[in-house]
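Below, chain A partners chain B and then partners chain C, in two separate complexes.
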Partner chain A sequence: MNAPAPRAGVMAWSRVLALGAAILIAIIYAFVASSDPREAMKAFFLSPFSSDYTFFSMLEYSGPLLICALGACVAFRAGAFNLGGEGQVSVGTLAAALAAGISSRLGLDPGLGIAFSILTAAAAGAFLAYLSAIAELKTGAQVMLTSFLVSQTALIVVDWAVGGPLREEGSNLLGMAPIDSVYRLPLLAPPSPLSLGFPLALALAALTILFTKGSRQGMEIRLLGKNPSFAWAVGISPKLGAAAMVLSGAMGGMAGSLLVLGQAGRAVKGMTGGVGWNGLAVALISGTDGLGAVPAALFFAWLDSGSKQASILSDLSPDASSVLVAIALFLITARRRGRR
Partner chain B sequence: MELLSARGITKYFGETRVLANDGISLSLMEGETRAVVGENGAGKSTLARILAGLLAPDSGTLTIHGRSVRLGSVKAAETAGIGFVPQVSLLAEGLTVAENLVLAREPRAAGFLVSKKKAYVETALLIERFGFRLDPEAIVSSLGASERRQAEIARALARGGEVLVLDEPTSILSEAESAGFLALLRTLSQWGTGIILITHRLSEVLDAADSITVLREGRVEAELAAKDADEAMMSRLMARSRSASAAEADRPRPAGMAEDSEGECVLELRGVQLQAGSKRLDITLKSGEVLAAVALAGNGLGRLEDLVSGMKESQSGKVLIQGKNLRGMPRELLRSTLMAYVPSDREGRGLCLSSSLRENVLALRRGDFGARDWIGRSRRDKAAREAGESFGLKADPRSAAASLSGGNRQRLILARELDRPRPLLILAEPMQSLDLASQAELFRRIRELCARGSAALLIVSSIEEALGIADRVIVLYRGEAVFEARNEGPSMAPAILAAMTGSAAIEGERLGA
Partner chain C sequence: MMITGIASLGLATLVSAAPLALAALGGLATEAACSLSIGLEGAMLVGAFSSAAVGATAGLGGGLASGTAAGAALCLLAGAAAIGLGADVFVAGLAANLLAPGIVSVISQAAFGTKGVLPAPAIRAGQGLILLVLVLAIILLVIILAKSVFGLRLRAAGEGGEVAEAAGIHGSRYRLSAHLIAGASAGLAGACLASGIGAYAPGMTTGRGWIALVAVFLGARRCSGVIAASLLLGLLFALSNIAQGFWSGASGAELVQALPYAATAFAFVAWGLGDFRKRGRT
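Right, the complex of A and B next:
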């Protein structure tokens, strides 16, 4: 009677197609912008795979990115447009660094100390998101606006704290003192920066997918995001949307903790570097079902490290990856709109 | 002199080729007010929209002053002098009355500047001439319902309207406002304006109209002069064949509790106000009983549905379910164990269109399935398929709800809501899009559930559906219960229709008299 909807498959292909088009545009861009396009392209696309070090660096970066993307997916699913990822990551970095400091002072067991840092960071991110969620429940203020505003404020406050009162004395760096090395995430392939953060992110992705697709609350969040009046009619509380928002914030905070506990080993001013926003982009590209977030985050990390390498090895601008990402995003979202 | 003449207007709708208008003809003289009456679905609004050029008919002709008018074009209709006032107000909220009146044909000063002064003068003259009670400088958003209606009519006249087509103009007006409005219409006809007045309210017809066209099932059932007509007669004409056919079919009596049941009180409304200024409403529904609330659009039925289903909170009075206040009751508990709810807004509330059929069916059984069912999906598929098939819905459980036809969407909702006994069934327009076999299944299911102790509140605008299943019928008019009686079969139809249309002529078992 009704043909099974091939929707998911078609959508996935359309995304791959859009990414392919973005790469094509990148090649054209390289030809226009570089005096030696061959060298530039090689640097851009292949340099991340040229050595273990660059490859593992790319993976390490994809961890926090993936977690941010998963957080954005969870919020999107519930119909909450969480634009505060960047600020949630930022408070996460501060909270993780402070918690690591406390762990040192208390002399906690390393495993316990790491868990304490991650959870504190998650709680900080969750609190930030909670402000927006509760504002929407109580007053109807739009999450999309409040999450952005709260996040921008948080960024300023964290930067001030990290570069001001909490700054390590006598250091040239605008950052807090390095955390005790036992409370950092174990490195998996030294000397590369790849840490336990990456497998943690993958595990979180698996959990998120199981939660959104398989659990009862996952289904409720999905229905709430798709049709709020239907959700209310069948007895799903709008508070669940707020809960999804808080969860999303917690994931942002957790991503922040990976930044601190991984390669950097300390909280530094401006260390989020747009990972929250890029996570949002990854979520949009992957289509908010969680599963697509893993390849999309890797793709993003590849573009990012490729453009960094290309700017060192050739005359391409380091902004090339942002342009590429923007193009990919544009193509994908344009295609999705067109389908409706 | 004949102003307007429509001949053989015929309009089909949809794939099923439903005849909405079947060869309708009517004529209108200068200064004549013709009322077009009929039940829901009789084809009144379709006719109005065809005359206004909003819909193109499949066949038929229209002439004004003997000149033919191209059908299906709003512009052609306006140029010919037809002004349409739809049920829902279409004024620019932020502009003044005068600005609205001259919108899109603003008087000019110095060739291109809009002259506000000229607009006000023009408007003031029009208001003066026809006796509107309007301030040309008032901002539309500050106006009340009655003033809005006047402004819309003034706008139609300002655009050169010689014929006004008014679709249920008084549905948003209070009784007092309606009276003033009808007086205004009489002034207009003295100036030669022809008026086609579409209405549900028979009392207004006798007040305001010179002639009456009664529509039934898309056809002209009768043409009368208002002076020869009375409300009972119109009611009979509007409902005629149904009473006849229902009499011969003689549906089996509903199997609810018999005489003066002593069942437990399941739903109770205490002092609930459905419309601003309306009398407060008390309703009691007992276990085993099927109560039908019937009304025409705009008389509080939607509000009643919102309040008893808990979709919206009542500002006045209380809604009690099994003696407990609905307000503050955990929503999930309410819906999973206490109340089945089939909403009239099928796509908005009844379904999540972009979700799968499976998810829609199992939306009330969310707790039955966990993460392990995601890996092996078959258990959920099976449950969804079985539920659907119990209502004759055969479709892939994984297909999107949006891919289902209207009838299947309704079956899906019924399958979800009536899958297990719940003490209270709120059924708003539950028959929509159902074929006869599914309707019969629905009737059977309601009786079965009520025989097992459920209580059902049926919220419908069709008398036939109400009399087909209910033990008791309540009629709402302007938000008040104007009629309440036990169901005694199809012979009650004219009395109910009279109550629905606000007619005073029928002496039924009136309430609050």
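Right, the complex of A and C next:
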């Protein structure tokens, strides 16, 4: 089983091939499922580029997605299967909205207020992940299952809070009151939803890659994920794995703050919309090294906005993107023979 | 009054616990073969959808059969990627879980023009009949896993790979059939959920496949333990359903839905705590 690991370049090419195969399946799907395959395909592949608005919407969506994917990468690297992304994003949205409310009550400086919101959201997500991390450390209860269970609980509680006691009075929307516009992320290309969140996500990606590739802790985390008993033998504490899990949760929370502080400008019931799970898929497709997460997140955002547009303009399903990505994931993982 | 209350709670517990136990025993089959399938949630979902989609015209029997087959197909796909093509078994299972809601929505849109609720009154069956089907399936699975030569070989293939190979047991074939069993039982469990309400609704499995995995660990990887754990977790679901009816209309009624997840997490951690202490002592 100890086949030499293929060179990184070879692996990257096999990923591109798998994504190409997914696109091929999308074309076949359009031909089978649509009454007007030409129009459907045009909508699917080209509509995200058809106007500034749709293009920038796609970029804006890729921001939180990228951060979720990076968070998943960090946890995977340490061998922790963080399946609680969705709940971590969700508490992030609530925490960011609450923090923005506090900022406007205190009259904080806008920049400070935004930073306060993002950090509060990160802390909330980190806390959720910490619960699972500490449980595994103390009792051996698998992070994979506890993170999912804690996340489900959090999703229900946040949806209740946002649509119930914290709901804006007299509004038709199941959501909290809109936050003061000075405490939102500045829009970069109005009227499109593109906000400062996208460059922030890119900067965070650069930081994450520097951390995992360049720092000692990053290397130790990788070692812990690859070979826990060797890591233990050379004195790397399993607590580091718990720390990676907490970091992963903090990133989920941050992704939630981008959703709230961006175009939406408020916390709404059910606003996570699967971004945590999609981030997980992006992380696995990109090979959990962080670097690949950027193109993979953009690719997913393209497929997602394409399938949503295609469902409006033609008779295709808006959920086609998740099927394509899952297929790509099968193809990619199946090529990892002898490599863990 | 008291007795009827206890009886109805007992029945509600059985109704919640039976699908969990069936899916969990399927998961146990893969765990025994040291190749845990985490795709149970996805298999339950495609099982529920397929039983409603096919059963709407084919009736209850056809619905249950197609639900079982759909779940089996999904887990077999993940199992084949893991065992035949060397993918990580967790990642393959996760891919199956990510695939399930998407493919159900796409097929539902293409075939029925909706991605929402799919009514199938033809598969609606009484609680008694569904329970009977589930209990029979559970008994069959327990016999296969605990009493049959196949079950013994399955465990041999999982625990002592090389010894089993030497004894002429093809490990990969047994592991693959474990994935087939897991998918089929989770698919049937999902089909029974759909049959209970006579419809498929998106997200109707609400994490039961993951909770079934907890039951595998809580039950200490034994058939009897897994069934006991499923009964305990089923009681949590039943209590949460009753509490929801009790508080319906009250402002915090939604919160009760979180009870099974939170309580399952607590039970899992508490069990781990006890287990950890035990291991520390010896």
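The rule is short, and it goes like this: the second predicted complex is superposed on the first by the 330 of 340 C-alpha atoms of A that agree within 3 Å, B and C clash if a C-alpha of one lies under 4 Å from a C-alpha of the other, contacts with A are read in each partner's own complex, and residues count from 1 in each chain.
Definition applied: a residue touches a chain if its C-beta (ideal position, glycine included) is under 8 Å from a C-beta of that chain, and two chains touch if they have at least 3 such contacts.
This one's a predicted model, so the numbers in the text were calculated from it and none came from an experiment.
*Asks:* Have a look at where A:165 lands relative to chain B and chain C in the superposition and call it first, second, both or neither.
*Replies:* Touch status of A:165: second partner only.
*Asks:* If we overlay the two complexes on their shared chain A, which of chain B and chain C does A:235 touch? Say first, second, both or neither.
*Replies:* first
*Asks:* Looking at A:220 after the superposition, I want to know if it touches chain B, chain C, both of them or none. Which is it: first, second, both, neither?
*Replies:* In the superposition, A:220 touches chain B alone.
*Asks:* Per the overlay, which chain contacts more chain A residues, chain B or chain C?
*Replies:* C
*Asks:* In the overlaid three-chain picture, which partner chain does A:152 touch, first (chain B) or second (chain C), both, or neither?
*Replies:* Touch partner of A:152: chain C, not chain B.
*Asks:* Quick one: is A:210 in contact with chain B, with chain C, with both, or with neither? Answer first, second, both or neither.
*Replies:* first
*Asks:* Can you pull the chain A residues that chain B and chain C both touch?
*Replies:* After superposing on chain A, no chain A residue contacts both chain B and chain C.
*Asks:* Going by the contact rule set out above, which residues of chain C touch chain A in the complex?
*Replies:* 38, 77-78, 81, 85-88, 90-92, 94-96, 98-99, 101-103, 105-106, 109-110, 115, 207, 210-211, 213-214, 217, 251-252, 254-255, 257-258, 261-262, 264-265, 268-273, 275-276
*Asks:* Where on chain A is chain C touching in the complex?
*Replies:* 29, 33, 81, 83, 135, 138-142, 144-146, 148-150, 152-153, 156-157, 159-160, 164-165, 277, 280-281, 284, 316-323, 325-327, 329-330, 333-338, 340
*Asks:* Under the definition above, what is the set of chain A residues touching chain B in their complex?
*Replies:* 1-5, 7, 210-211, 213-216, 219-220, 222-223, 226-227, 229-237
*Asks:* Show which residues of chain B lie in contact with chain A when the two form their complex.
*Replies:* Touch list, chain B to chain A: 309, 311, 331-336, 341, 343, 345, 348-355, 359, 363-364, 366-367, 369-375, 394-396, 398-400, 403-404.
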